[in-house]
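I've put the structures underneath this note.
Two complexes come next, and they have one chain in common, chain A, joined by chain B in the first and chain C in the second.
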Partner chain A sequence: MIFSVVKTICADQWRYWLRTKVAATVLLLGAILTLAALVVNAFHIEEAAHARDHFQTEAEERFKAQPDKHPHRMVHYGHYVFRAPTPLSVIEPGVDTYTGNAIFLEGHRQNSAMFAEQRQSAGLTRFSSLTPSFLALVLAPLFIILIGYGSVSREREAGTLTLLLSQGTTRWQLMLGKLLALITASGLFLLPLLLACFYVAFSSESVLVVLLFSLSYAVYFLLWAAVVTACSALFEKSSVSFTMLIVIWMAACVLLPRIGSSVATNAAPSIGKLEADFKVVEKLRSLGDGHDVNDPAFKKLKENLLAKYDVDSVDDLPVNFRGVVAQYSEGRQAKVLNEFAENRMGEELEQAHIARQFGWLSPTVSVRAISTILAGTSLETHHRFLREAEALRLEFVQGLNKVHVEKLDYKLDMNRNASEEAAEKAVVDADNWALLSEFDFKPEAANTRISNALIYFLQLFVWVCITTLLLKAAVRRLNP
Partner chain B sequence: MQINSVICANALTVRVDDRTLLDNLNFSVGKGEVFALLGGNGAGKSTTLKTFLGLMKASSGSATVLGHNATTYPNDVQKSVAYLPESVTLYGHLSGLENIRYFLSVAGVAKSDDDIFAALRKVALQEDSWHKALSNYSKGMRQKTAIALALLRNAPVLFLDEPTSGLDPAAIDEFNALVSELAANGATIFMVTHDVYGACQVAHRIVLLSNGILTGSFERIGDAPIDTEAVHAAFAGRKA
Partner chain C sequence: MMRFTDLKREANFVFGHRQIKLTLLVVFLLSVVSLWSGYAEMQEQQATIERLLEKDQIEREAVITQQSNFGMVAYYAFHLTYAPPSPLAFAAVGERDVFPWKHRIRMLALEGQIYESDTDNPELAFLGRFDFAFVTSILLPLFIILLLYDLKAKEREARRFDLLNVTARNAHAIWTSRVLVTLVPLALVTLTPFVVFGLANGAPVLSILTVCAIVIGNIAIWSAIVLVIGTAKRFANFSATHLASVMLGVWLVTTVIVPVTAHTVINSVIETPEGGDIVLTQREAVNSAWDKPVEDTWRAFIATHPQWADYTEFDPERDSSFNWKWYYAFQQVGDQTASELSRGFQASTLQKDTIASYVALFSPSLLTQRLLSSAADTDVEAMVSYENDVRAFHKSLRKFYYYHLFKDPEFSQESLKALPQFTPSTDTSHNNRSGKKE
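Then we have the complex of A and B:
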């Protein structure tokens, strides 16, 4: 009986929406937008995945197809690595939209799109792309407000609330009926997302991750439906409840996430790209020029090597001293580059953690954190991509340097600029280019991602408790 | 008319913030009685009605209906009464028939379409309007729809808030006849109104309310209506 009354009230609310053109239009528009964003994004991701496979294969083939060359020329020829989009990035592209998914690997440098775009994107790019997650986190609550702000206050304003309550309908039944109607209406926005999740669950993604991902969005929609219903009951006039809800939406979905980013940037400031690049260059210079065997920075290396092989001149060494210097220099440079990169990533991560603390003030921030972490499109995953790409870079550069050390005669090497003929002799066989390891980046394991997202699930749980209390207060204050 | 206490106010007092809306009301209404609470604007009529419906809480004393305390057990009261609001506020997006079905459904009352049609015919609501949206109804048609709903509730107690307000004379006569018929069949009717003439025509007892205090009582003797002049004088005098 109790649930049957709730169902009846829910059904009538739906009947009202369907017979009111504005509400029906909002519902239809919201559902179409979500579906369209999902389809467009899915095509985009699919295309990106194919392009990534194509370019990755092409880059490897072109590298291997290089003719006999000086190995150091291959170090500078470089190689591209691409990061495949994760299955859930169809819904939540996360930081991928502005960090890029390709890195050019070459000697003596760590190239990364991240350093160029991360700071600008925090404030701008997130708002410009109509991704399914953006629609769900920012626009869907607005649609829920538009259709639900008058669900209870309309009854009070029209006077039907008195008649309804005098029929023996309890305040809880009325509120739950209205809430159920709004939840099912929100389902129109959620359904395309859930279908996409269902599809993803059959791909390579962990089912538990997909379930938790879907759950976070479902709870988020539930929270908004409850807040809208509660406000509609708390305020006597529809106009007041609408204004209050818009203020709440502005704060939760627009202002607090941006304030979070600004606070994070100020609380954990980081130096700009140019400044960082100058510092890196300055530090690298102090390590010596790896192309010049006579650089004083390698004097000790030379002495140790001569002593080791018990010879008087580098000409008598059984290895190519120029290659040894390149190898030694690359190793030291990589340490410096990694040190700077780790500092930079640490700063970014600290900023991200500070910004995510705003999840205690806005559920939008909590769900966004959960969404990006579980989808494998978070900053942490991007940093992992950078580290793995750097490991591959060092491996392939040092692999070429090893070829330089072992397979190219030192005298031929030093004489390479004497003539065209000498240059042609200072090469190694193209078979040596088959040293590239396959790069197949995968996001963190499901357990790691879930464990990283736990704190934000806690934030969401706190929001569920707060909203339940709000709903209880609204029921208590619901008077005709 | 039998005098068993169906509705009872016992030292009923309602305060909201610092204002006393009802002050120590004492009365009882028996089974089959038509009881009219008469008062001007702001006298406390609607507060009394809402308190008996369990929509407002008594600050002290009690308001009971069929032995259920309306403050502590509002749902028990609401399940056993039918209420006809002043400005009949049904849903404009639904037809008269849909409104009745909806309110019966939330009240947990199962009625067949035949029962509903019979009730609509009894209140003389034209058949061609049953399926039209309520937003196209006149006030009288809305009133009839609400009365049909009240009839279908088969409630032993009816609370009516300014039931004849805005109705034309013919509709008022029809309504009064219906109220009398219901009372004759054992229904207890509690109405609040400021229509002295109408109350005198239909009520077995009239109680005057002013500023939340009961100020007078008139009772029908035999079948003759209550003396309109006497009630009017008391009502106007008190107001003056």
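Then we have the complex of A and C:
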């Protein structure tokens, strides 16, 4: 009985929207945009996934197809890894277009990712992008405002509010009816998104992640519908509620995320890779050059090795001393490189955390954090990509060094520059290149992503509480 | 004709309004904050460049003194290249956060080095920069809509509309003057902080004036849009807020839908070589050289460097399987093999940018943003021209080392004093560029 009143009010609001052109246009535009974004993005991601998969396979095949060579030449030949897009990046591409998605792996160096798509966009997508997440987080609230700012104040201005309330409709019924109408309308934007989510859930993503992902978007829409209805009731005139809501939208969706980004840049400046590289080089110089067996840094290594095998000169060692040096110095160097790389990632993460604290000021920021983290398109997942690439780099480089130690005769190796024939002898069999493992990047496990996003769920929960209070206040103060 | 008394009355009216004063204050604060944050960031970039320059010098000298031949020096010595922020970069960070503005390069194949990017935190770039260009191109139109949408409706609702129309000598003049007294202060609160920051940062007065003109132009376009919609007969019976919805619709279509649609279309129309292809091709060419007959490398090298045709011989006793001349020749050949792809990649970047500049004609916000980053030398063109500076510098390195490797003069630390130094291109290139655009 109580609910039927709510339903009537909701239905009445819908009749009004369909009658007035502005609301109908907004609803149609929103639905078309969301669909278009989904379709375009799905194709784009599909294509990118395909291309990167192709490059990955090709890079691996080329590596393995190399002829008999000196193993250290393969260390410099190197390998490429490509990051495949995650399933949910169809909805939330996140930082993907801003990070490169290919890394060249080689001995002695950690390279950065190359080919960020954003560089190819001529600045067209710096403010907006045709991604479902941008539409849902930034534009959908504007649409909700445009259709809902006057839902209650219109009744007041037309004098029908008095009529409604005097006919026995309670304030809560009225507000819930209006809210329900706005929620169903915003459902038009949400529905394509949810359908895409379910499609993803059935393909390859953890169901729990997809559920939480779509839940956070649904809550976000709910929040806006509630804020809009509350403002529409709180302010006497439609025009005031309109202005207030637009100001709130500008602050929450457009301004605060960017202010967060700028504050983070300036509050915790990161020194960048180039500058960190100098420090790496300084530290590495003390470790010695792995190409040169006579470098004093390896004297101790040599002594230990000679003692271990109880021989007098490196020529008598059962292993290739050049390979031992290469293996030893690569290992030590990787440690230094990783120490600095971890530092840098820590700095970047700290900046991101500062920017995400703005989630306490704007629900858009918190949902964006949740959405990128769950979709596996956040900074954390990018760092995971960098770490996995580094692990693979070290694995194949050290694998090649091991081949160098065990399968290449030291004398042949030292003699390699004497003549072309000598160079041809200082090689190992191409079968050894099979040591390269496949690179198949997957984002963090579902649980890790969820626990990374917990704090931002808390932010969202606080927003739900605040909005509920606002709605309550609006109901209490609802006067004809 | 507008009369001074009309203006004065309207000014009193506007400044008597709390909402308008508040809006102006907010715009002023946004302008100051955006400028300050851009300024701080550019100061940091400048400081970074200075620190890098110092370390680069020390590092290179340390490396060079340890070496005993030119081949080794060329292998181990890195050179810093950079694009310093222009005096106006603080106002429009532009593409500086996705394109690299610093590289350290050496004599090896350039295609393997130039796509490395030491760019900023991707998450912050993704959230976007809060710079002056953003405030003026994206936010300012929204404020203009908020300030002007109920210009007439408010008076109608307050039942002063007819009175105003009757008491003013000219009905149009009164609305024009009201728009003026609202927008002139808006332009002032936006631009005054910019001029102060610009002068403090030593930007040329002409560029400062250019930026002011761009911003004023944007304000003019948006007030025209708002006024046209507000007075259109078609919308005569729309309420003020419905009118505002239409205005926001125009903002939405021009600021969001036009650019993203154009982006989607451009990306599917313009063929871009895959970045992955460039680097794979280059690496393949460089590494396969080890296994190929030496003559193959020389043939390809001499084709582009005929002046060294008589110098490719080297001592078979000393270095039959390895020689630096040959090593750097196949690095060069690697670049040559990938050069078509690489040129195509750059050309498509520029072509997309050119098309975007036409698209911008349909989007005042995009146009403003592009003009501002062009004035601040942070647009795609500026970043590509930095890439070309790096290529030119790498070429001069090659010229230097080829001479020393092929002519084989006695190695001395002294001769390395003549190593080419990277100097960033100065403002003249910027003037040429913007001259071309206008």
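By definition in this document, the second predicted complex is superposed on the first by the 463 of 480 C-alpha atoms of A that agree within 3 Å, B and C clash if a C-alpha of one lies under 4 Å from a C-alpha of the other, contacts with A are read in each partner's own complex, and residues count from 1 in each chain.
In the analysis below, a residue touches a chain if its C-beta (ideal position, glycine included) is under 8 Å from a C-beta of that chain, and two chains touch if they have at least 3 such contacts.
Being a predicted model, the structure only gives us computed values, none of them experimental.
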Combined model on chain A: chain C and chain B, fit or clash: fit
Touched chain A residues, chain B compared with chain C: C
Where the C-alpha centre of chain A sits as vertex, the angle toward chain B and chain C in the overlay (nearest 10 degrees): 90
First, second, both or neither for A:Ser451, with chain B first and chain C second: neither
Chain B versus chain C as contact partner of A:Ala59, first or second or both or neither: second
Touched partner set for A:Thr170, first chain B, second chain C, both or neither: first
Which superposed partner A:Gly272 touches (first chain B, second chain C, both, neither): second
Overlay on shared chain A, then closest C-alpha pair between chain B and chain C (Å): 11
Set of chain A residues, in rising order, touched by both chain B and chain C: 20
Residues of chain B that touch chain A when the two form their complex: 50, 53, 55-56, 75, 78-79, 81, 83, 85, 87, 89-94, 102-103, 105-108, 146, 159
Of all residues in chain C, those that touch chain A in their complex: 19, 30, 33-34, 37-38, 40-41, 44, 48, 51-52, 55-56, 59, 62, 80, 94-95, 98-99, 102-104, 112, 115-131, 134, 138-139, 142, 146, 150, 153-154, 157, 239-242, 244-246, 248-249, 252, 255-257, 259-264, 266-267, 272, 274-276, 279-280, 283-284, 287, 290-291, 319-322, 348-349, 352-353, 355-356, 359, 365-366, 369-370, 373, 379-380
Contact set on chain A toward chain B in their complex: 1, 4-5, 8-9, 12, 15-16, 19-20, 158-160, 162-170, 173, 479-480
In the complex with chain C, residue positions of chain A that touch it: 20, 22, 25-26, 29, 33, 40, 51-52, 55, 58-59, 62, 66-67, 69, 73, 76-78, 80, 82, 94-95, 97-100, 102, 104, 111-116, 118-130, 139, 142, 146, 149-150, 238-239, 242-243, 246-247, 250, 254-255, 257-266, 269-275, 277-278, 281, 285, 348, 351-352, 355, 368, 372, 378-379, 382, 416-420, 422-423
